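Labels run A, B and C following the written order; every chain starts at residue 1.
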Amino acid sequence: MTFEPLGRSLSDFTVELDVYSGPYEWLLALILKDELEIFEVPLRELVESYLLSREPEAANGLERDTDFAGSAAALILLKSRTLSPALDAEAEGGEEEPLSPEELAGRLTEYMKIRRAAEHLRARFASNAGHYPSAHVVPPRPGRLHLRPERISLAARQAFSRLLEPPVRHLGPITVTLQQLAGLIRAALAGGPVSYESLTSEMDRLNRAVAFAAALSLAQEGSLKLSQTEPLGPLTLEPSG
Amino acid sequence: MSDLPPRPAHLVEAVLLVSARPISRSDLASATGLSEHETEAALASLAERYAPESSGIVLRNVAGGYSLSTNPNCAGAVERFREEARPAPLSGAAHEVLACALYLGPLTRGAVSRVRGVNSDAVVRGLIERGLLTEVGTDRDVPGSPALLGVTEGFLAATGSASPEDFPPLDSLVTPEELDRVRERLTSSGTEGEAP
Amino acid sequence: MSDLPPRPAHLVEAVLLVSARPISRSDLASATGLSEHETEAALASLAERYAPESSGIVLRNVAGGYSLSTNPNCAGAVERFREEARPAPLSGAAHEVLACALYLGPLTRGAVSRVRGVNSDAVVRGLIERGLLTEVGTDRDVPGSPALLGVTEGFLAATGSASPEDFPPLDSLVTPEELDRVRERLTSSGTEGEAP
């Protein structure tokens, strides 16, 4: 799936988030180009702000909702890929064998450590910001610098060969609508709280992502409550009230 | 008056002014002609002279050497003078890539992407552009001999670190209980880790 | 500790560190937000702190402004440091800019940025300062006649090459499709140099 076709119906939707403010379509483009970190985009706020801007009476209202659901689902999928990298064997392009639970656990724990290390680095950068070096530098004597010609050729190869668009092939077509999934969730909740995992156990990844978008929408409407006791922990959907 | 023989600390101070990069203690000793011991004493007295409480210029011990830089509490004035905004803070993805290079590196772009589970090439490129990550060699065991990435001197300076050892060990960042919980969740639930 | 509001002299001191050129009193005042009077008092206290008798760094009042510089009685150490210092290694970005100038040059700053897909002005400035890149003419076809950049003799010397022909030809490094795309970017009109 690419984001081009949704240009018209969502062109008037702008968002105001801490990390970004401007047209929604540009937000998608920035994320796809890795210029904005999906981690930093509060998807719930994004969904809320869309719901506020919704115009069900408009001629293209349905088209607009569907486009938003599609792109939001893709964002959630992207975010879930970032949060649980071990779940995506396609990252390197090839179709790998599914990982065993042990391998999965190994990769996830390695990633958890890197996440923590990243948080530590963020604090280190922040507490060391604002140091500027001396500008009174004497240049070294001419002729002391040596450059490897191979390094120049390598740099040429890198600079001249990366003008390709970011790959989005892994984002497959969406086959269900947000409304269908919302209906499904409502039905499931009639029997009391339900875990997101069991709710989506029969679904493929994209539908899981759309289901998540649907759950967020319903939570926003107040039709259900979402609870998660710890990061990466199980997500539970509860009937509200 | 400048006929007086300069004091050791003055020599070190002058050399520190003319370098934007940290200078190792031995390079300071060699440029100033001071002994190791004299250099150390000079640095100790300069550390007092350029302490953050009492100066707009501070002496830092980073990236294996010493350097003078502005006191962060004066950063506003510096930025106004240069008419330059402070560089935008790094993204979460960038911090992760740097953590990979710091703790697991030198490693290839492919290895970074595998650990993170998402293609990280664009992030790597941005970090190279900002001088925080660099190619430190090539992995000859992989077809195409991809470049190996490592953190730079600039990274150490920007994180206020003397050396790559100056960071908490990776294993100390996650408690064994947390690791057990992940393991449990993934292995004992009986569900497939991934839908087809 | 850096939570304390900085003293006026600290602010002036920090700004003096980050400028190689003398700064006028009024520029110091506007960067630091100090009044004329406070700036003057700060400079007086810094003149004492950085007096030739007591420091390896001195405060000079030259060319209508103030500047820090090394104490002349430390010149020997500074000269030795300059002789011994290893030049800072070039960043990956700098290598790429040099590769652009070598293979596609002479070209404008805008063209370098277009080909690389990121603003490269700062990197270009650094390379000109280091004598590896130079302005070899101007592009009269582009409004404003921007300078055209090419590699220098110093660059060839640093790579141990007699001439640009010593490097592998471009078509041995990239595919014809990639080359087309590079050419497209190069010629994609210098007027809309900025990204959309």
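By definition in this document, a contact is a pair of C-beta atoms (placed from the backbone, for glycine too) under 8 Å apart; a residue touches a chain by one contact, two chains touch by 3 or more.
Bear in mind that the values here come from a model prediction, so they are computed numbers and not experimental data.
Student: Of the chains shown, whose Cα centre falls closest to the middle of all protein Cα atoms?
Tutor: B
Student: Have a look at A-B versus A-C and report the one with more C-beta pairs in contact.
Tutor: Here the pair linked by more C-beta pairs in contact is A-B.
Student: Find the geometric centre of each of subunit B and subunit C from their Cα atoms only, then give the gap between the two centres in Å, rounded to an integer.
Tutor: 21
Student: If you average the Cα atoms of subunit A and of subunit C to get two centres, how far apart are those centres in Å?
Tutor: Spacing between the chain centres: roughly 37 Å.
Student: Using mean C-alpha positions as chain centres, tell me how far subunit A is from subunit B in Å, no decimals.
Tutor: From the centre of subunit A to the centre of subunit B is 28 Å.
Student: Mind pulling the residue numbers of subunit C that touch at least two other chains?
Tutor: Correct list: 14, 17-19, 68-70, 78, 81-82, 85, 92.
Student: Where in subunit A do residues touch two or more other chains at once?
Tutor: 132-138, 154, 162
Student: Which of the residues in subunit A come into contact with subunit B in the complex?
Tutor: Interface residues on subunit A, with respect to subunit B: 33-40, 78, 81-82, 84-89, 91-92, 98-99, 101-102, 104-105, 107-122, 124-138, 154, 162, 166-167, 197, 201-205, 208, 232-234.
Student: Tell me, which parts of subunit B touch subunit A in their complex?
Tutor: Listed in rising order, the residues are 16-21, 58, 60, 67-70, 72-75, 78, 86, 89-96, 98-100, 102-104, 110, 113-119, 121-123, 125-126, 147, 157-161, 167-168, 170-171, 173-174, 178-179, 182-183, 185-187, 189, 191-196.
Student: Provide the residue numbers of subunit A that touch subunit C in the complex, in ascending order.
Tutor: Touch residues, subunit A against subunit C: 132-149, 151-163.
Student: Residues of subunit C touching subunit B in their complex?
Tutor: Listed in rising order, the residues of subunit C that touch subunit B are 1-7, 9-15, 17-19, 23, 27, 30-33, 52-53, 55-57, 68-74, 76-78, 80-82, 84-85, 88-89, 91-93, 118.
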